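Each in structure tokens, the structures are laid out below.
Next, two complexes with chain A in common: one pairs it with chain B, the other with chain C.
Our next item is the complex of A and B:
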């Protein structure tokens, strides 16, 4: 009777955005009289940080401080159409729509500033701190606030923009499956270290080392949150969760969190993450969307690590102690495969 | 303690890292409200005189409804309305009707027949939730039980009970032609016959629950001018408006939906089941109505991530190159389609995983069974097959005696490679992820594996080409009703044909900006826009054999010695040719350190502990 250590590896890519397109997102941006910007959307913040990431994108594209941007989302009377928050499409699709809307608003802002400064709008740039100045001559400047006041009360000009982003819909071929599924992929690779108790069949994940390529981490903390939470979900899917423990039979369905197992705080393994960024050509600032993919490599890596530890291949999820013990018994004992 | 580092050294030449706001760990706009319990979720919108809705549900997998007796329930205190299927103005829909995919197959409240345990047949609206629950229990329904089927492969056999009347063969109809979605690239049968090893496996992903902390629901109330407001937990606001407008046969301009602050979704809040019922309740009673699942409903009648079964058969050469890969997949859609049919197309486009394999084929079935309909969940269409592929890769590695990471790097897709769905790969980074993860775990890879790069060695020779492809007509709609047909690609085909090499269409890219002033200045996009992306492969000579090799099928198994150059370049056998530019991995085993790795200011804390205060305190409800 012993604890066996095992190590498993898996790597994946993940398609970003709704398959085969046809999923538009729209955004509206406008300034208040004192040069603050409202971003109006119908995107859903599920906790993934949709409001925050679109706010950062708008601030970047406008060239104004983030404190001067506020995102108002998901009131169908005010927000324009958006397909929704699913299929890793939020950041990619809505982010691009926000860039377009903010770019149009920025253009109006620079034109209004140009009129006040009596220069050409093409010669102006923003400092990201709330000022607009002539390129190479920071002293010839005007604040965004003064620009907005002048635009709305002297010039009769709106500082506003519209944006839509759409990958046009296409179809899959019936005979070959040819298609244009998505325009970009995120990537991940991950090593799981765990122990298997050959007496109880219990698996304990000890450590995860991973690399996730996300195009661009638009918000460092939000990416971190997704990756750590997503890996937890992967461990949970691999080792604990199922709504039908004897699938395809429907017996013993859990009805609450007492019967539906998930790892608790004491079972969360240390996770050491490296984030890689290879910008996607059509992603907002290169961003892809890390949310959905992060659990995917964990599940097979855990299965591979269990095999590495005791020589039992669990090809059906979840990998319960019962399945492991039956496998060990069928093999006539644990068969550690040796670390690679 | 967990840690996060940014590998800014990798792909640094493709990025501008000096942006003002992008990349910063900016605090969330809504976090203060969330942590102080002040953010309003849908259930925080309380109305005076709010009514509560509960559903009467089927206790059987499959049954005819003989008789419904609500007389006792109607006489109970506080009961405002019992909503029947006939009260739903247009009681049939399919979620993807909004993008014209599939046929209407699901009722909001089911009449006549139930096809899964938990299917709603009536909705009761009462003053309190307790009264609604009691009335639900008092409804008497007489059922005639029918034979049911729960296993996906049983459901495809001739004579299996029909689950979904719209799809009487128990499988979704693809392209009005086949009972499955095909993928054909090259000729897997010919390639398998010539491989050194055949590696097979079957993988089963069980159904799981999205398990959001906030259960699905909606609160609807009459507004002015014949409009209805609906506070909802939906993940897709306009999706839910579209479904509601259709089922209730009303213009969407009468619907005012508010959401956007959702207590976790993970895919389970796309189905738009609560919004139409809550609005219908408000229409029929003239009062605000809440329809919210309790935790048991969330688990048992809320659509889970569906089960998937995958079979993989690989043809592998002794040096680890995978030359053929066949998939057979079964998605357990449950009793109705919802989104499974579409996820299958997504999954098909994902095959054969992040690898460049010259011959790939797959048949994937969307199967109806007498269980709770499945729906989206984080990774939908991909998670199940990734589990299968990555477990299978380890079996392949074991078969040929290779390090599992080096096997993946050997077969990894690279920029310029042709994918099985006939589009060129770009923006790849699988190899780099493998190298970094191995390094972090202290795993030593071979110098060849450490020198490999996603940017080099792809799109050369056969890797860039669409091979001649064997196609077949197996599995026409309805064929399986008459005879047993093997589900594997090409299994039981009566006709075979081929598609010439090089056959492919254009990639679909984003629609242009409608107005030039929405086009961002190229100097402000923050990354290099490559000219070569999406273009055909550069005319670089193939590494070993100079002649282009259009044939997808590998030559006869290579001799043990490397006397005959194999048709498939083997990156592990020789470093990529004439690559002057040392990439980030120029020094194998010692990648450059990131310049300023991001570190959280404070270590993560799990939960909030204040003496005497519940950890689950959620603030005060306000009206």
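Our next item is the complex of A and C:
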């Protein structure tokens, strides 16, 4: 009996969003009478940070302080159309829709400000602190709040914008099957170091080293946190989680959180992440989106590391101690595949 | 359904409720006392989202018979904040990105508080053990453990000052 160390590697190209039907997202942006802006979306923030990142994007495109922007993800009864929060599409699709809506709202805001200042809207710029002024003449200025009040009560104008992001639908070529499934790929490479106990079949992940290329990391701390949490989920998928019973009868399936296996806080592996930024041409400020690829590369890397450690190739998930022990037995013993 | 009058101190305030007989403390805190900070995740003691302190001890509110709270001091995560000032644990969770969806945070923070009340200078392993009854599906636990260690250091600094 022995503990065998193993190292596994995996890399992925991960498509951002999908193509079928054009994958549309819509956004609406409007000002309140006191010069704050509301972004209305139908996609949902599951905790991944979509509200934060669309808020940043809207503030940037409007040219107003981030504190003056609210994001309402409402619901599908009251919001504009959206395909939803899946396929790692949130930042890219909704972000692009928000930029378009915010850009239209900004145009209306500058036109209203221009009317108050009696200048040409093209000569105006924002300072990002809640003021609009004539380029090169900061003293000729009006606050966003006063602009909104004037638009509302004097000019009879709304400071609002609509945005939709729709990619060109691509049907598969009937003869060749060729199509453009996505417009943007994110990328990742990941190395897992683990140990396998050839007596118990137990796997312990020791360390993860990864590099993720996510376009521009629009909120670097959120990206890092999403990657750390997602890799944990990848380890959980690889080694623990299943709704199928481990043993023959279906009634052995986990029925609650106590029986549904996941790694706990005592099984956290060190994870060193390098975030590479290669801004996407069609991304909002270059952003793509980490999304599902946080977890994806971990699974093949764990499977490869188990093979490296004991020579057992598991082709179904999760890679349980039982499967490893059966594999070791079939091979007539552990067969370490050598050190990297 | 018969109602039982129960009085307890909730986050420092004298509180009286009429609870359904046999109700669990989590339901009473949320529905009768109006404190929505303890969360119901599994309602069977498996997730820790409902963790509260009873007389300074960590308990799962969903598994606590409400009548047993009579005359006792109950503290939820809402007890930690004083005015606009966040408790070092809350601050460390926020600044350390120790939450994504945030549903586990109230229970995590109470579990951490229970640890730091008795163990002001915990090891990483002690922190992991202290939150081992609390499930988090988003963060991978590492940011939570780091945040608790950060808060512990800040609390120790305050004690020395």
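The rule is short, and it goes like this: the second predicted complex is superposed on the first by the 321 of 340 C-alpha atoms of A that agree within 3 Å, B and C clash if a C-alpha of one lies under 4 Å from a C-alpha of the other, contacts with A are read in each partner's own complex, and residues count from 1 in each chain.
Here, contacts are C-beta pairs under 8 Å (C-beta built on N, C-alpha and C of every residue); 3 or more make two chains touch, one makes a residue touch a chain.
The shown structure was predicted, so the numbers you read here are calculated from the model rather than taken from an experiment.
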Winner on chain A touched-residue count between chain B and chain C: chain B
Where does A:47 make contact in the superposed view: on chain B (first), on chain C (second), on both, or on neither?
both
Exercise for the section: Figure out whether A:271 sits in contact with chain B (first) or chain C (second), or with both, or with neither. Expected result: both
One more residue to check, A:301. First (chain B), second (chain C), both or neither? first
- Message: Quick one: is A:329 in contact with chain B, with chain C, with both, or with neither? Answer first, second, both or neither.
- Response: neither
Classify the contacts of A:257 with the two partner chains as first (chain B alone), second (chain C alone), both, or neither. both
Based on the superposed arrangement, let me know which partner A:226 touches: chain B (first), chain C (second), both, or neither? second
For A:281, decide between first (touching chain B), second (touching chain C), both and neither. first
Chain A residues where the chain B and chain C footprints coincide 46-47, 49, 221-222, 224, 228, 230, 233, 256-257, 262, 265, 268, 271
Interface with chain A, chain C side, in the complex: residues 41-42, 44-47, 97, 99-102, 125, 127-129, 131-132, 134-145
As the complex stands, chain A meets chain C at residues 46-49, 221-222, 224-226, 228-233, 256-258, 262, 264-266, 268, 271
